[in-house]
Each structure stands twice: as structure tokens, then as C-alpha cells.
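I have placed the structure first, in the form of C-alpha cells, so that the comments after it can refer back to it.
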């Protein structure tokens, strides 16, 4: 079977696993007070160019999103997101569970256009009954998006300016951040993200770790009681070292970038091959997710030999499917998949 | 000043006020256990043709919506509504505060089309990742809608069939129900609503009462602990008689319908006059709300002599405004308003 | 039947009712923007000696408590209360519904002793795992308490000093405030309360109004978005005038105090009579609530002629019951009740 | 430094670590759909003697508690626990965050006595105002308790009978279950727990795993939508295999019991040594937690050479501290600690 279903089907990349093995029997302070967590934070601060950044390690993406969003927002505030955003669709209402509305705006190819945001804000600010409405408090974007697309530096800068001008927190979900940063042609760096957003997270689960996401508050803007809020959400790991050790390793010697680059190289090869074979693409994703529109008959036969994601029905006889590469993808599997198609 | 801003600018209609005066000094059981509440419930059961209906009196609309919706839904369930629904826009996130997503579908003139609902359900049911999504649990409609429009009996029946076929609770927000029922040309009766929905409320606040809404669970389907849930929401009135007495009177001798009919007659006169004068209508509302598109200059001058609602900007030089008639509207004020315009 | 069950069995006191009648047909701004609400606020500011106090009118007690507490507290903060406090026992978990723990301390006769509070704070502040615990954010007291008792000025001052020294919001639930202020022997005035607390509410429902409570933020400390938070809680009345008119009247010519004084006079008469007859008292309440321990046989026979509250089982053959007087109590009923016993 | 602070200072026990290493590069179904999770569930079902048990793997204790409790309870229901229960004290209000009250009863040495429970239920059921109160819906116990104590089979049976007789869900928090089961003298087995409770969890984090707890619904009583509720809580691991693999190994060849037995043996040695040296014990814990009352001077000097937990101040000159042994404790460290004291 060929696995292209997602970027979380394997365990950890081998260097990370080795670090876990090497540190396993050391007795360390629990709840993230260990030396590995400290070191990982220091390395991430350097990567971000934010000596004052405040960093927390959480376990998974939905958990991170709900914890950050609820910690930042006041009660009647909502978070603006593209309709296709992860928090809008695939978190089982986790954000609403915390009491906050996800204000869904039409996106384009997974991205939230600055124009949509401006329009929404202008309408809200001009509405005489706005005191009876959910106030915008935060803007959520993902980079790469759920459709694999990337913001340009100009787009990110514009969103950032709108948010700062209007007092909105800009939050970037970086579940697949490594893959985004390593995509040829992107002009967005980790330092840009740290400079332009108020809070973001660096994804570990999908980029080489067993689990774990690193939340970065970029400018001394950590919400009050944040540690306790993490605990209250059930998101505090007793053995915080589990994530600290992994991020410490991922940000040593550029490992995070290196394994991401591998995934992107595999994706580029696969994309080029599919293009050559004449497949239609559903999204312009340049990252490790590839969406194609497949004939339903082809779909059935492909399912016998490869694992991939159903995305949505395209029409009566076609389906959108997704292939994903990751740090664990083997080049020979890309070849084999291409041979199959 | 001419008041056409809304249907809640005056106190209670005079018969309701008299009932409050007449019963004021009687000592009665609190929390809705009084004889007037009992009588009102019995009369409403008759009106609904539901001898087994379970009825509760709450204070206001948003409170009623959040209490009913949260009482009915399981945790990961959301409520489907038109994008323009009251719960979607003008309840300050009250539904999300209870932890539930409002799943917003495109409406038409304030209404939720059966086709949209079917399409959404088909997509959800066919989605392989639906266990990671908010489950549809309820459908919310308002009748009349926020745009003053009405469902036809066919439309309501179709929505009801979809809901029953899929196990969704159909909930009708009747904040202005009286006005809807008394609109010439409607083929929907109170009994139809009771038969086709699972729960609905009969609005008092906007139809002659000082405050109060009557929630009707139509077929022995009251959620467990509902009384306590009302209390927990802060929606239980110590002096429940205040609402009981009012509904008892409203449903005696057809008063609820009679005062509604008056409002509709005023609206029809106003609508005809505006049409004659060539004003453009923004909605096809046949009820007590009239939406017109006004030149912004006209708007400023009109504001000096009349009170009405800003609805939304139509374009750079025009605005949508709303005139509302109600049980308290005086015919001479309609004439005066028409003379002004 | 003789009614001594509670102080919310009748409608409104006659002067309040007259004001509602007189203003009923005026068209006013909804949602509390009316002139009567404004006037009432101005009068209350005067009574409180707080020219800058910010005042909001809500409908009932539980609703007010949950709205204020949730608006003030940050997520992992709880509210400290006596174990017998209304929010601890009789609000169906309304506070927990908002996500906040009621930190229950042992009280004495319904009151929260300063010593208990100090001890709790010292233990919390000295606990090395306090970041894993609910942080104290507010202190809730009721005055009169649920047992009818009153704080002395010294006690209130001490609680206030502890709270200010520790950054805790002091919140006073004044559901029966009028009765407390008019009790002979009390040295606590409205101005003292306004000076010593951060937020409190003046009860209307139990003191002459059909419904309504006036929340007073005493020193420019209204939480951000408070109006919208009230709306989000379902606590915003469309016809805000209903409460504004009533409080405007209650605080004209000292009516609030006058009707409270009547209730206290009736209670004193009843208390003296019961004492004379040798009944045992369960609480030292000097206000309008009287708790006695009754033989269960006596209880049954009394129930045929009088309505009163079951409070709790005292032992196998005795029960604690509560008699309540109010603005509506007739002196002859006190005599009749005494004759019965 | 000697580590006796807790049972979560090290990584995973070596056999578990090996399983993680051996399976690391296999591509498996995410979200717990992998073969290792399936196998682990099958083995746990066998251990429990519940062929129909439904099992879910969550990440940590607080998360498990809030997810299970909120999934089981209806809105106005609360969970009864000892005042010293983990959910009462050390979960930062996580349960209240879900909207449910923790109804705290006085415990004895960490345990909830059946008599307290009976008394509370009788009072609740006899209270005429119970519809205004939080309804009891669940009973939470921990085994071992936060004080290291254990229920006897008789005690557990009695609690179970009370719960079944009254329709309360009995939930057992087994964060340290292995240690409890391996304590000499206990007459409670895994099968007893599965038979007597409605839901419980088998702790992995504190018993040899990097993270992970196994929730067991014992008799086809899994709440509706439980998978989605786990997701909504942010408690669903993308790489569910991480926990599946660990529990698969823990329940192969009795490993879970074996490593627990080692911890208990260390604890017994330490306890005996402390006793011999005349130290005063604060709790009668027979398990892997030992609580002693220490002179504050001794405390300071001990801190230079050993790591342990501050528990609470005992009096002005004494402190309660806790030593914890676990699967990772080395016998020579026990000797060294005893030598120190």
C-alpha cells in the first residue's frame, strides 16, 4: 500500500526519536519546566528573531487553536476566518464550545483576502446595531492553508496592517509551517511571521514530531493566566519534556527545515508527474498537499493500491482527492504512485 | 415625532395592562406555578390544537432562543439557520456562548430554502470526515423572518419533512408570529405551525405584551430538566405571573390576533402609499416590517421628523431603512408619515 | 389563605404600577435607552453618592449574578461565596454554566466571615501548585443574606479591605437590599455599600417591582462590552423602559425605603409574637425573613391555612420553615398568622 | 539529586519505549484507527472481563476527566466528589469550564464515604426547591486517591449500589490505577472496577507511558457522539498510535502490573524506613505516595539533596511533604533517601 493520505501517519523522524530515547530516563521537572523545553524555547526565539517571545508547548492543533483563541478573546468577541479554515470546518465546533463565534468570510483558494476583511470591518463598524452583534476580536489564518496555498509577504503584511490598525489579534495556524517555509518561491520567512502576527504556532505533529505544537506570543502579549488556561483546557502535559525534547531537536541544526524540504521535493516530483499525465488540479497548492479531480472509476481502482484523502465530491462523476507528502515520504513511493496513475 | 422604529417602543396593549392591574395584588405561586400561567397554557394548547403541548413562559427572544437551542442540542450539534437569521446576526453570539455553532446557510429574502438545507445535509452525510465536524441537530427558522417575509404552507411542510426524515428538530422563532398569522394571503395557521414544528415560540414582547414569549414543545418532546435549564440560564422569572397574566389575556377573545391585524392594516396602508409615491422596496415583506431604499439626503431630513431603523447601506448614496407598525400604531401617524415622504 | 411564603408573590406596589400605567403608551427608545431609565440611573447615583457610577437594569437575580460574575472574571478565576450563598445553592449551577467555580467557604449564619476569607487566601497564596488551581477573582456576599442576617459596617469594611488589598472584586447581591437598609440597628447605608463594594445590585423584584434589578458599578469599573455581554446572556430587555420606569418611581420620594420599612415592621411584629409564644428560631435574622424550627405535626396543620417556605429538615420530627414579609404584607395577616400558631 | 517528587518525571518504561521505536516508521490510520489501538483495546477488554467495553485513548488526566464528565452529564447536572478530589482542587476549574458544578462532599483520607453520599442524596431528594439546584448526575472517585489511599471492595460495592439505585454514573479516576491494584492487601481487582463502575480510566502517564489514559465505558454506555466530543475538547490525537502502541505493550505480558509492583515495593521499603526513623505520617496511604509531616528546618536541608512535593502547611513550624515512587524508581535511591533522613 502506498501512503499519501496525510502527514501524520508515521511516528517521529529518526533524529527526534533518538532524542527521546537519549533523554528518556532522566528525571526532569514536569509540566514543561524541564531544561529541554527551556532550550527549545530559546532556539525558537532565535529562529523568530524575537528575544522576548513567550513560548508554550501544546499537544495538538485543535487544542492549540481553542486554547489560544479563548485565552485571547473577550466574551462577546469572535474570530474571523476563511469559510474553509480548519476552525470553521474540521474542529467539531471546538471554538464555539469555548463560547466564541467563528465569523466565516469567503476565502479564495483557502486564503482570507484582505479585501474581504476590510469589507467586513467597514460593515461592522458602520452598523448601528453592532452592540447587539459579535465583535471581531481576532483574525485566524493558516499558512499553508487547508488547501495547501501560501500567503505572499505582501498579503501577510496587508492583513497585519489591517489588524493592527483595528486592534485585532492576528493569529497564524502553522500546523504545516515547515512545509510552507520550504516551498520554493515563497517570500515569507519565520521571522516575517513572528514580526507580522501577534501569535502563531509552529506545527510539530505534521512535521516530524510524535505530537506537539509550539505557540509563540510574539511581543510580550501573552494573555494573563495563560499557563493555567492551558491546564484548564486539559492541554497541559504532565511530561512536558515529551514536547520540549522534540522541539529542541527539531530546531537544532535546521532539522525542522531539512525534513520539510524533503517533503516539498517529493510533492514537486509528484505534482510534476501528475501534470504531465494530464490530471486536473483543484487547488493551486505549491506545498505538500496536492488536490486533484479524479474520475470516480479511477478513484475506486486507485483505492486498492494507495491511501489518500477524500476531499469532496466535485460533480456526479468526479471527486476531489488529496495526496500528501511529508518528512517520511519515500521517493520510490512517489514513483510507484505515479506509475499507478 | 412619528414612531416607526420597531414594535417594542410602547408598553402593553390596554387590555393586557388592565389584566395586570386587576390581578396585581393577588398572592400567587411564584416561578410560573400560578393560575394565570396555567390558564394561558390551556388556551394556547387549544389554539395550537395540541392537547399535550408543553408550554413555558420566558422573558425575551434572545433568551428564549439560547435556552431552547441549548436544551435541545447535544454538545457537538449545531443549529442550521439562514445567514440573516436573528441568531446568526443580532444576538451577540448568545448561541455560541452556549457552545453551539450556528451553521449559516444562504437564505433568500430572509427565508431558509429547502433546497439549501437538502444540499447541506447531503454534503454533510457524504463527508468522510464528518466525525470531525459539527453535527446538524436543529433547524432554526423565523416566521415572519427578519425581513418580514413569510413561509408558505408548502415551504414549511417541506422543511418539516426534511427535518423529520433526518432527525433534526425544527424550531420556529415566532417573535412576530401574530403579525405573520394575520397577514392577508398567508396560508399558514397556528395549528399548522404546531403540527409541523417540534418547538416554536409565540412572541409577546413585540405583540402587545410588556415582555414575554411562550415556548411550545409540540409533542411531548420537552427536553429533560427543562424547568431547571430555564433557571440555569437566568431565564426564570420569580414573578412568573407577569407573563402568565399577559398571555392569558392575549389568548382570550382573540386579542392576540386582533391587535396583530391592526398592525398589518397599518402596514398595508403605509406600503400602498409608499408604492404609490414610487419608493423602491428592499424586501417583499407582506407583514408589519417595510424595508425601503432611501436616498441619503432624504434620509437625513426624514430623521428630523420620524424615528425608524437604519438597516444597512445599500450603496454609496442610498440606505436601506425599515418602518415597523405594531399594535400601538395610530392610523393618523401612518397618514402623517406618508405626507412627509 | 395567609401568604408568608416569600417576597415575590404579588405584583408591584401601587405607586410603581401607576407609573407603568401612566407611561405605558409613550413611544420610547428600546433596550434601556429611554428617559425613565436615564432618570432612574441619575437618582440611584445620588442615593449611592457615586456621581460616576455606571448602572444597568437587568430582569432577575440569578441572571444578574451570572451576568456580572462572568463579565468580571477572567477564565480561570472563581468567585468565593459562603456555602449557603444563593449562587452556591439555588441558582441551578448558573455560575458554573458560565465556566466559573463557586469557591464555597463555611459561613456563619449566612455570612462570609473575614477570617475564613483571610485563611483561604493565605492557603492559596502559599500553595506551590496554585497555577493548577482556580484563582480567586471575586468575593460574593448577599446583604441581607439568604438567612436574613446583615453584615455590620465593621464586617463589611473588613471584607472590603481584604478584597482591595488582594485585588479581588467585592460583589454584593442586594436582592433584598431595601429590607436590609431599613432594619433597625443596622449601621450600613446605601452609600456605605457603594463605597465599600466594587459592584452590587439593588433588588427590585423582591422590593416592590414586577421585576428588575439595578446593577451598580461603583467606580468606573464597568467591564468592557458590558452592554453586549448583557445581550449575550439573554438578559437585555427590548422594552427596557419596563424596569427603568419602576426604578425611577422606587427612587422618587424615598418609596423604596418606605415600602421596605413596612415589611420590616410587619416582620418585627411577627417575630415578637413568635418569640412570645416560645417558638425556636433557626437564624438570628433581624430582617423580613423569619426562620423557625417547627414540630412536623404542627407543620401539617399550619399548611392548611398558611403558605410559607420549607427550608430544610431539622431532625426526624422537626423542620425549619421560613416566613417572609414584604411590601405587600397586610398587618391583619400577621395578626391572623400569630393567632393560628 | 534524588527524585521522589512524582510519578511523571521520567519518560516511558523501556519496554514501552522499544515498542514506540519498533513501530515508528509504519504508516497507520490516524486518530486511533490503527491496529495497535485496536489490539490494546482488545487486551484491555480481556483484563476487564468486559467483552463489550468501549475504550478510548486520551492524552492526560485533566483532559480525560473533563471530556468524560461533560460527555456524560446533562446541562444542569453536577458531579459529586470528595473535597480533596483532583477535579475539586487541581484541575484549574476544568470541570466548571465545561459548565458543570463539582459538588464537593467531605471526604475521609481522600475517599468519599458512602455515608456522605447517602446523606447528600437524601437531603437533595427531600428538598422542595431541588428544581432550582444542580442535580447530581455522577459520582467521581479516584483509586488510589490523591492521598494514596484505596477503597476496599466493600466500600466500592456500596458506592456502586448507591449510584445504580439512584441513576448516578459512577466514574473512577485511575490515574495511578496500576499502583493501586498492586498494593498488598487490596481486595479490588481490575475486573471489580469494570463491574462496579460505569466508566473509569486506566492511567498511563503515571504508570510507564510517555502520555495516555485509557477510558473504559464498561457496559455499552458510551455517550452519543463520544468520538466527536473528544475531538471538540481538543483531546483527539492525530497520531493516535502514540497511545495505542503504549497501551498495547503495557497490557502485554502483564507489564502494567509488573512495573507497578516495583513502585509499590520501593514505596514499602521507604515507608518502613521512615517509620523506623520515627517520622509522622499524614495519610494512611499504602500505595506509591507517602505523606509525612516534616519539621521546616529539616525541610530546607532535605531540599538540597532531594526533590519531593510540598503538600500543605501543617502548622507554623511543620509542613506536609510527599514522596512518590514509580516504575522508574531505583532501589539505591530509596536507600540513599533513607540515609539522608
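Just so it is clear, A, B, C and D label the chains in written order, and each chain counts residues from 1 on its own.
The criterion applied here is as follows: a contact is a pair of C-beta atoms (placed from the backbone, for glycine too) under 8 Å apart; a residue touches a chain by one contact, two chains touch by 3 or more.
Here the structure is a predicted model, which means the values were calculated and not measured.
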Of C-D and B-C, whichever chain pair has more C-beta contact pairs: B-C
Maximum centroid distance from chain A, chain identifier (CA atoms): C
Chain B-chain D separation of Cα centroids, rounded to whole Å: 50
Geometric centre distance via CA averages, chain D-chain C, whole Å: 41
Chain B and chain C, separation of their C-alpha mean positions in angstrom: 33
Where chain C touches two or more other chains, by residue: 75-76, 91-93, 97, 99, 131-133, 228-229, 231-232
Chain D to chain A touching residues, read off their complex: 1, 3, 5-6, 8-12, 14, 17, 20-21, 23-30, 59-67, 91-94, 97, 205-206, 210-211, 228-229, 231-239, 241-242, 307, 328
Chain C partner contacts - residues on chain D that touch it in the complex: 75-76, 78, 89-93, 96-102, 104, 123, 126-129, 131-134, 310, 312-313
Sites on chain B touched by chain D in the complex: 70-71, 74-77, 99, 131-133, 135, 224-225, 227-229, 231-232
